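Alright, structures below, take your time with them.
Next come two complexes built around chain A: one with chain B, the other with chain C.
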Partner chain A sequence: MPKHDTPLLDELEKGPWPSFVTDLKRQAETKPECWDILGQLELSFKDKITHWKHGGIVGVFGYGGGIVGRYSDSPKQFPGVAHFHTVRLNQPSSKFYSSAKLRDICNLWEKYGSGMTNMHGSTGDLVLLGTRTENLEPLFYDLTHDLNQDLGGSGSNLRTPSCCIGTARCEWACYDTASLCHHLTMHYQDEIHRPAFPYKFKFKMSGCPNDCVASIARSDFSVIGTWKDDIRIDQAAVQAYIKGEYKPNGGARTKSKAFDMDADVMALCPTKCMRMKDGKLQIDNKNCTRCMHCLNMMPRALRPGTVKGASILCGAKAPILDGAQLATLIFPFIEINPDSDYEEVIEIIESIWDWWMETGKNRERLGETMQRVGLPTFLKVMNVDPIPQHIKIPRENPYVFWTDEEVPGGFERDVREFRKKHAQ
Partner chain B sequence: MALSKDELKAAIIDKATKAPKPQLYVKDFYACDPEAKPREVKNVANDLVKEGKLMFWSSGSTTMYAIPTRIKNEETKNQSND
Partner chain C sequence: MGYDPKNPMVDRITDIGPPHFEQFYPQVVKDNKGKWLYHEMVQPGVMVHVSESGAECYTIRVASARLISIEHIRELCDISDAHCDGFMRFTTRNNVEFMVDNKAKVKPLLDDLASRGNKFPVGGTGACISNCVHTQGWIHCHTPATDASGVVKAVMDELFDHFVNMDLPAKVKLALACCLNMCGAVHCSDIAILGVHRKPPMIDHDAISGLCELPLAISSCPLGAIKPAKATNAKGEEIKSVTVNADRCMFCGNCYTMCPAMPLADPDGDGIAILVGGKVSNAKSNPTFSKMVIPFLPNTPPRWPETVAAVKNILETYAKDANQYERIGEWCARIGWEMFFEKTGIPFTMKSIDDYRLAYDTWRTTTNFKFTSHCK
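Showing the complex of A and B:
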């Protein structure tokens, strides 16, 4: 029996798609607090303002993250959600679970929480929605002791690292994303569970430039698989696509018209580095920007090269303060070497952190700090020489700012000597 | 580090006790020992949490540090104002 009238929310059940309102009503049959979620949301729709308050001293002992405190601002009206804290669980790399593990987590959440989940949050964690403060420690004990499962990151911590499915299931992956993700998760446990930085810091790892975890848009430290040598071409398979023997785009193409090599592949190459000559596909690999379009269209004909590694990009973020920002390429190619325990990646991460912890302002993401100090300064900090790939377009203004050390002889000069050459 | 670990701990507690607001960013503690690396200061602050002398306070998106009695009083005051 509904506890609150929800005419506005009920409208959301009338569309063609499954509705969370229906889910909440079903869950409310065993978890009555879900009626209060519906009631409070209905009130928010009426008032056009949120009735959630968040933050506070909730958490489990010794952890500065993983629990996000959430309270109703109308606890007398909606007592079931007076406390409604969110719990973030560290998802396994590439989000591979056994169904038994998911059942165990759900059973635990039925015991200690509302039973409502969000799989997965945009950070990647398994998100358990809604519990009371007094349930947190018992839940954490059972999670860690019975399920061998830890909390994820929140607040100014390192957020739970996340990655695509990588070499586990994808032939385009240029490195083992799950392995790197797991290694960094274990290596930086302290940073995940306790605040370390001016603001949040996110790692995301994609195996190829398709970037299935959108690391270029969402992470402060983005590791995107790439290759150094030439795209591998199977000329017979190219011909099979042209003749219509293979379906383009792995069969996912919705266009009904026949595959057209010129229009569907070469005309869409951003650098126009492809051509057909004597019935053979040629690629000017030096000009390829790894957009992946041709590989996506003809996966049986084209494959990444064999000298594989990753590009490192820094500073992406969602629009909180200054608007959304895509990551900036810093290292075009590094080797991703598990034999050295990913030493090269860790060295880069820690030089960024050492600098950002000192230079970053409170609540300033890495990308905002980079923008504030300028890319040249950041490149100097990272000890990287500028290269054409660091810039999007040639500069438009004529002023070039040199530092004293960059000018032979510095800025100190004899004016009389200068005037001898430049008569007034 | 110019200060010993215990001296730094004392300086952090002093700062957290006297600061106008009960919640402090980790960066606010850097000034306690300007010669220490930020990660060293962070580790000492986290040791104080383990000892129960500081506790974490989270806004949801940012985690800060506070003296337990000070922040609990503040939270109680806020709840009674609601």
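Showing the complex of A and C:
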């Protein structure tokens, strides 16, 4: 039986999109605290403001993250959500699950929590939404002992890494994103669970420049698959696209006009590095920037090259505080090598952290530290020689920070000697 | 055994990480990982991936509300047990993917999904409106300027046909963040719905002494609007507190994050801004940020009609006007922002002119422009 009237929320039971209100009501039949979730949300809909208090530090022994404290500001009215802490479970790479695993998680959450979840949080964690402080330790015990699972990150630590589907079910992935994601997650358990950084730090791995996990927009350390050699072309399949036998763009548009090689592929190529000659597609691979457009348009005819690896970009973040930043290209190409336990990737990560943990200010993301010290300083820290790939355009102002050693004779001069030749 | 509250550290297990993903791969994925040749969308929401071995993996993509119950998850499990050997995955954009290894298994799965009401709409592939990446809003967050799940439900109800059909010029990625912290990373979305505050923080002099480190609160302000100040609390005691220069406040809310005694949410102050034209993919054009085109719409639960209408207007103007394969940002860049405002009929105001840091990069420094109705 509903505990509160929810006329406003009831409006959201209408319409073709799945209704979280209907879902909450169904769950409330067995988890009555869901009535109080609905009740408090209805009050927010009425008042046009949140009814959750600010923060509250809760957690499990020995961890500094993974649980986010939350308390209602109207606990007498809604006792079922007086405590409503979030538990972040580290998701399996690429978010594959078995029904057995999910049922175990559901049973755990039925026992210790509200029964509501987010599948998933934006960073990637499986989010269990709403439990009481006294349930946290027993939940963690069962989670680690019976489910063989662990918490993800929160606070100023390494946040739970995440990745795209990768080679598991994508022909474009230039490395096995799930394996790298899992390896780094296991390698850095301490950094995920015990905050020791200036601020949060995110890893995201995408298999190709289509970047399905938005790595370039939101990760401090972005690993995006790419290749070094020539795009592989199946000329017969190119002809099949031209003749209309294959659906362009993987059939992404139901109402596509007939495929037009000139208009749809070559004219939209950002480097104009393609042409048709004697009925064959030619690509000037030296001038190709591997943007993926032609591959996206003709997935049956074009494939990434065979010398595959990844570009490393650093410093993306959302706006708070100094404005949003996209990640900046630092390493154009590295091999992603599982045989060496990804040694090269790990070395790069650790040289960033060694420096950022010293230099980064409290609550300063890597991208902001990079902006504060400048890209040249960051490249020096990373022991990377500057190359034009690091910039969009060269400097437009004349203000170069020359150093004493770079100028013959240095900065020390004698003004009296100067005056002997140049009267005041 | 189980947890013993008297001996919390006994038999403690820590730092074991997530379960290994491989145990959750469907057989066809396990067998063909790294061998995929190409993929094609068979119909909206249904893709086939074809392997070098000739094997096929059919994926059926289903929307979810992201905020889902364990009862809903158990229903997903039932479906995957019946059709997919008990495997499934979730996407970055809150969809569920069911995979089968044979075309004959697709229709029974689709029929099963369709028989369960509106819980499992199939779509979200290709040139459609994507499922909405979003944050918590009023269901769980302490800093939101709007709700999340409610706004998303209202918008997606209206755009539903574009989710289950691939009838747009190109994919349109929709995202919502309920405040400027942007947990939903909406800053690079084709269409972004963003909760914004418009009133400076109040200062709770009765609570600030116990709750906040004043230097942290002061340094949290990117514009130096917060200064130390003496104040009197309810008991009549003079205490050390802070003052806010409202003229300098840009309503980012970072002070409230650092100091719970500085709340800024407000029923009339808070609402929604709309940003458009961002993308993360490198295809054709570079990744780019979304741009603010509507600075404020009111919070009007339960269905936020102003926000729904604004998003729909932008989407439909784009759908009518853009070239095939052109993302929203690419369309805006081609026609010019003056034409974007002309065609959508969205009023252009001072609020869409950047006056924060690096603003100059966004001012027009050329004689190349189009004469639209904006030139009087």
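Structure notes:
Criterion: the second predicted complex is superposed on the first by the 392 of 424 C-alpha atoms of A that agree within 3 Å, B and C clash if a C-alpha of one lies under 4 Å from a C-alpha of the other, contacts with A are read in each partner's own complex, and residues count from 1 in each chain.
By definition in this document, contacts are C-beta pairs under 8 Å (C-beta built on N, C-alpha and C of every residue); 3 or more make two chains touch, one makes a residue touch a chain.
Because the structure is a prediction, the values reported are computed rather than measured.
Within the superposed three-chain model, A:116 lies in touch with chain C and out of touch with chain B [touch as defined at top]. Touch criterion met: A:20 reaches chain C, while chain B stays clear of it. When the two structures are aligned on the shared chain, A:49 is found in touch with chain C, with no touch to chain B. Shared-chain residue A:257: touches chain C; no touch with chain B. In the superposed pair of complexes, A:58 makes contact with chain B only, with no contact to chain C. Of the two partner chains placed by the overlay, neither chain B nor chain C lies in contact with A:386. In the superposed model, A:2 makes contact with neither chain B nor chain C. The wider contact with chain A, measured as residues touched, comes from C rather than the other of chain B and chain C. Shared-chain residue A:130: touches chain C; no touch with chain B.
Looking at the shared chain after the overlay, A:200 reaches chain B, while chain C stays out of its contact range.
Judged by the document's definition of touching, chain A residues 54-55, 62-63, 70, 190, 362-363 lie at the interface with chain B and also at the interface with chain C. Taken in their complex, chain A has these residues touching chain B: 54-59, 62-65, 67-70, 73, 154-157, 190, 194-200, 353-354, 357-358, 362-363. Per the touch definition, chain B reaches chain A in the complex via residues 25-27, 30, 37-39, 42-43, 46, 49-50, 55-66, 71-72, 75, 82.
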